[in-house]
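Presented sequentially are two complexes of chain A, the first with chain B as partner and the second with chain C.
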Partner chain A sequence: MSYVEAAALSPASRRRRLLRRRFLRRPMAVAGLAVVLAFVATAIFAPLIAPYSPSATDFYAVLGHPSGKHLLGTDELGRDIFSRIVYGSRASMLAGFLATVLAMTIAVPIGLAAGYYRGWIDPVISRITDVLLAFPFLILAVGLAAILGPSLLNATLALGIGAVPGLIRIARGEALSLREEDYVRAAIANGGSDLTILGRHILPNMLSTLLVQATVTIPVAIVGEAVLSFLGLGVQPPTPSWGVMLEGAQSYLTQAPRLAVYPGLAIVLAALAFNLLGDGLRDILDPKTQR
Partner chain B sequence: MGGFILRKAGAALIVLFLASVLVFSGIRAIPGDAALALGGEERDPAVTAQIRHKYGLDRPVPIQYLHWVGLAVRGDLGRDSRELSVSHTIVTRIPLTLELAGLSLLIGTLIGAVAGVLAAIRHGRLADYLSNGIALIGLSVPHFWLGLLMIIEFSVNLHWLPSGGYVSFRADPIGNLRHMAMPALVLGTGLSAVVMRQMRSAMLESLGADYVRTARAKGLSEWSVVCKHALRNSLITVTTIIGLQFGALISGAVITETIFGIAGFGRLTIDAVSQRDYALIQGVVLVTAAGYVLVNLAVDVLYSFLNPRIRISGGAA
Partner chain C sequence: MPPLLEVSELSVRFDTDEGRVYAVDGMEFSLGEGEVLGIVGESGCGKSVTVMSMLGLLPPTATVSGRVLFQGEDLLQVRPARLRRVRGKEISFVFQEPMTSLNPVFTVGVQIGEVLRKHLGASRSAARKRTIDLLELVRIPAPSRRVDEYPHQLSGGMRQRVMIAMALACDPKVLVADEPTTALDVTIQAGILDLMRDVRERLGTAIVLITHNLGVVADLADRVIVMYAGRKAEEAPVRELFARPQHPYTIGLLGAIPRPGEVLQGERRRRLQEIPGRVPSLSELPDHCAFADRCPRADERTRSEIPPLREVRADHLVACFHPGEDGTS
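Here is the complex of A and B:
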């Protein structure tokens, strides 16, 4: 019975099935995916999940301990910490996903062009990549914040641009090696246009690498957003963000150290989940690490 | 050999040139008239023109760039908004950051290398899973949060270490190390996770190589196989990684110095931005880029000493 079923499947869906089975065999990766989805859902449905408004102050319950009323206690203005963490996930997820999408949109076409066309384009792009790499992302972000002014959008922009040079290198390397594959040579010999070859043959074959890269770029951007907001270069208070919350907690390290603990735990959990997912995807998609 | 270094130095110079153009034009991309900003409340056109002339803003942009670079090469990065020499400020701040970076590199490389080698030797066993798990957590924990946690535990609760500040090593060596312990540990742990993962995969690769099998076959002790054969070849990869980590180290120093109140180069960067002191920002960013280029040039040269194949084939990369 199952034999007939398998034979009826197309090669593509059979591959998908195989990958799904391989993925499900990795409990850490599955757990990572579950936590990632939970964070995304939290960000989308924040108003439904949070018991209080993130900006509602209660001056009778300042620096309150965790209780039935306030799950994780309250901060220096009596705001519910749990609700602020829930709302804070919005800035983190937004920065994480948008920065990665931005970086991919810029880096992949450039990397493809450099790796596929070679010629004069390749060294020029590689040199420009070197120049961008000479500016650590935080310095780049700091510079951008100085020019554009601090905001979540500009922080996301800076994080995205900061991720571009590394991704260009990866896309270029992939295009460079795929270009020598027989089926690409065959397509060239068949007279396929550059656009067809890039879009039909090279890009689809590097998607798995790009997917893994995206999964490991997102946590970097999430931590980056927290850092920039912590330094006052990202989300501006009173808008809740995990970095902003940690910045505020600095003044209360002696009285209420838990203010510094919970938002940090949220960052670690989110970043760890994406990293676990990325590691799992790399394992199942990259045949070189197959055991 | 000489040709290889010359070629690498040439590429580094080009990168440095483009970086300086980027820094120069970046500052000019800031909306608003610099002369008006410098004049402050003064809106008299004659005064504005005078300021424009004083700072050379009335000359063509390429000439302004050449003038700026010419001075920068001679070590003059101009004056900040308080009329202090930018180069002098930077030079006084750098030693603190160098000490922090050096200690972190030491901690990160030691922990990372030992854990990486251990994980590779014990591949697929408890030590491997344990170090992998810790490294993954290490990669996910942001520096600044780790710093805050350490302050809570070691300064607020246990009173073991000062929560911030700096004393020079010459004035008080013990005090200096006490102040540097937490910042260096914070910065070093992040690095150790990266080094550990690279070390592990490099070691796994060399342990599977033919020369290691040969070494085992001729009856060398496991210790000698691991340390003399596999480790030596893995160190090459790790050297490059450490060079590439320079940027992360600078970014990390910015955060760590902010949390622990160390008046180093990283702190200066943040101060320059929050005060919107453009001459200072320009200087700091240029020095960072130059540092990155120089470190990577040094790594390339070191790499060619460690791996003769690169020297001989001329280095494809």
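Here is the complex of A and C:
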């Protein structure tokens, strides 16, 4: 497309084009996006992709090696490992996305209130988040999951709540700096109410930061789900999950290490892909980026 | 007829870690319908604080006292919800920084439309139509295209025009322009001043023009207030002030204006007159004339009392014990 044609486009689509071009110039980010999309598609279309039911047993092939019949081999009950990984992605993606959405929903309004209103509310919220941040994320999540009881939903809740303090701090910091912007002053002088200022002027301007933060929170929640399931606080066997598979693989580590390797690889790949995507988004959304 | 806006005994105090700072002390002025009032003074003399305090736009560290009667209603006493109705609808602001006063994530049309929809309850399509009219009013070329552009696509002068369009959106009675041209190129400044004159003539909007540029005031204002250290030093109709300045500070300001013509015509080089000394710190204002330490006419009385405002000629007020044009005092 020539320069003249590009100039005729609406500003919004021109910005989108610019962002897309910047994104495509980053091979790692593109790879990350591709793998993320592949995992999401796998989770959604699991029944179509998996050759077997995740709980179908084949007693003629217990702890079977990879073969034409079983792509990644079978586990101690003769269940197809590839199918279980495919179905296991559902728990991971669900926990990753839902926990992040939950954390954002709780953290962003609180952070906005603290950063925008200041006064007494800011130190109160900030000190509470400081205390919560002093606990390692996983300890917090394990504790919550133990209180709530083991299930995928509760594990997701625990991971979401565990991610709240960090996100509050980020939302607060953004609100704190955006409230000093001249356009916020101008909006107040034009009779804007607090709700208008927060919803129309501060929140939209921090969306790119939040988007990047989301792509960083998702892999943490994915790993967290695996940990909680591994510890028996998340997905319960026989439902497949990468953490559950790792837990089962422990007893056969010497005979069939692949039982641990394949779900482990899935976790690493998913977490890495989200992180690469997040890095890429951060780079292209930063106005100081040159390329 | 009572004036549109009448400010009296307006004082603003900031409580800071370094103690109390008196930014404005006993300001008073009035503004008639369609009048242009210039407020001049150097940085930190309380020009901006004066107008910001009228609409409750100062941070909570500020304590404001006095009366700000707008159409008979004291704006310092009304509830916050009422104040929000006044802001942008009855009294609107144009700020100094056109480059950063627009929200970067929305088109200018959305931002102007928002003011219309909030204050006038306009529908989306009506707001858009009026926005295009407003952009035309402030002489932005191709308004129906510009309305969909983002702030970063506009130049500084254009953005200031958009800010003025936004300020005029609801047909305010008063437009407060806080250094509207300071951040702009000289040629663009002229355009903006021209626009503001046009606005006053066509819409009858009263304007409070804050500036440190006496040229801008001479160009646009009907009446001028000179502020010094939070107090009014002199007030007069614009011609009177420039022809017969009475306060030594005003005379000093006028002497500090460069005049390109003089140099070019080969007249003997006139050294620009500076005012010796510095503005006193607002946290330790003296209880005598604040200008005394810099004033060639200062005497015992100047250093012991605060000079009251008095009328030396018709409509010409001066706060000085020794008023008069240079050489006559």
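Note that the second predicted complex is superposed on the first by the 284 of 291 C-alpha atoms of A that agree within 3 Å, B and C clash if a C-alpha of one lies under 4 Å from a C-alpha of the other, contacts with A are read in each partner's own complex, and residues count from 1 in each chain.
One rule holds in what follows: contacts are C-beta pairs under 8 Å (C-beta built on N, C-alpha and C of every residue); 3 or more make two chains touch, one makes a residue touch a chain.
All values reported here derive from a predicted model rather than from experimental measurement.
After alignment on the shared chain A, the placement of chain B and chain C results in a side-by-side fit free of clashes.
Using the contact criterion defined above for the overlaid structures, shared-chain residue A:189 touches chain C, although it does not reach chain B.
Shared-chain residue A:200: touches chain C; no touch with chain B.
In the superposition on chain A, A:176 contacts neither chain B nor chain C. By the touch criterion defined above, A:127 lies against chain B but remains apart from chain C after alignment on the C-alpha atoms of chain A. By the touch criterion stated above, A:41 is placed in contact with neither chain B nor chain C.
Among chain B and chain C, the chain that touches a larger number of residues in chain A is B.
Touch criterion met: A:138 reaches chain B, while chain C stays clear of it. Within the superposed three-chain model, A:62 lies out of touch with both chain B and chain C [touch as defined at top].
Shared-chain residue A:19: touches no atom of chain B or chain C.
Nearest C-alpha atoms belonging to chain B and chain C sit 13 Å apart in the superposition, given in whole angstrom.
Chain A residues in contact with chain B (one complex) as well as with chain C (other complex) do not exist. Interface residues of chain C facing chain A in the complex, by the touch rule stated above, are 55, 57, 60, 84-89, 92-93, 95, 97, 100-107, 114-115, 118-119, 148-150, 153, 163, 166-167. Of all the residues in chain A, the ones that touch chain B in their complex are 127-128, 130-131, 133-139, 142-143, 145-147, 219, 223, 226-227, 230-233, 246, 249-250, 253-254, 257, 260-261, 264, 267-268, 271-272, 275-276, 279. Residues 10-11, 15, 119, 181-183, 185-193, 196, 200-201, 204-205 of chain A are the ones that touch chain C when the two sit in their complex.
Considering their complex, residues 11, 14-16, 18-19, 22, 26, 29-30, 136-137, 139-145, 148-149, 151-152, 156, 163, 246-248, 250-251, 254-255, 258-259, 269-270, 273-274, 276, 278, 281, 284-285, 288-289, 292-293 of chain B touch chain A.
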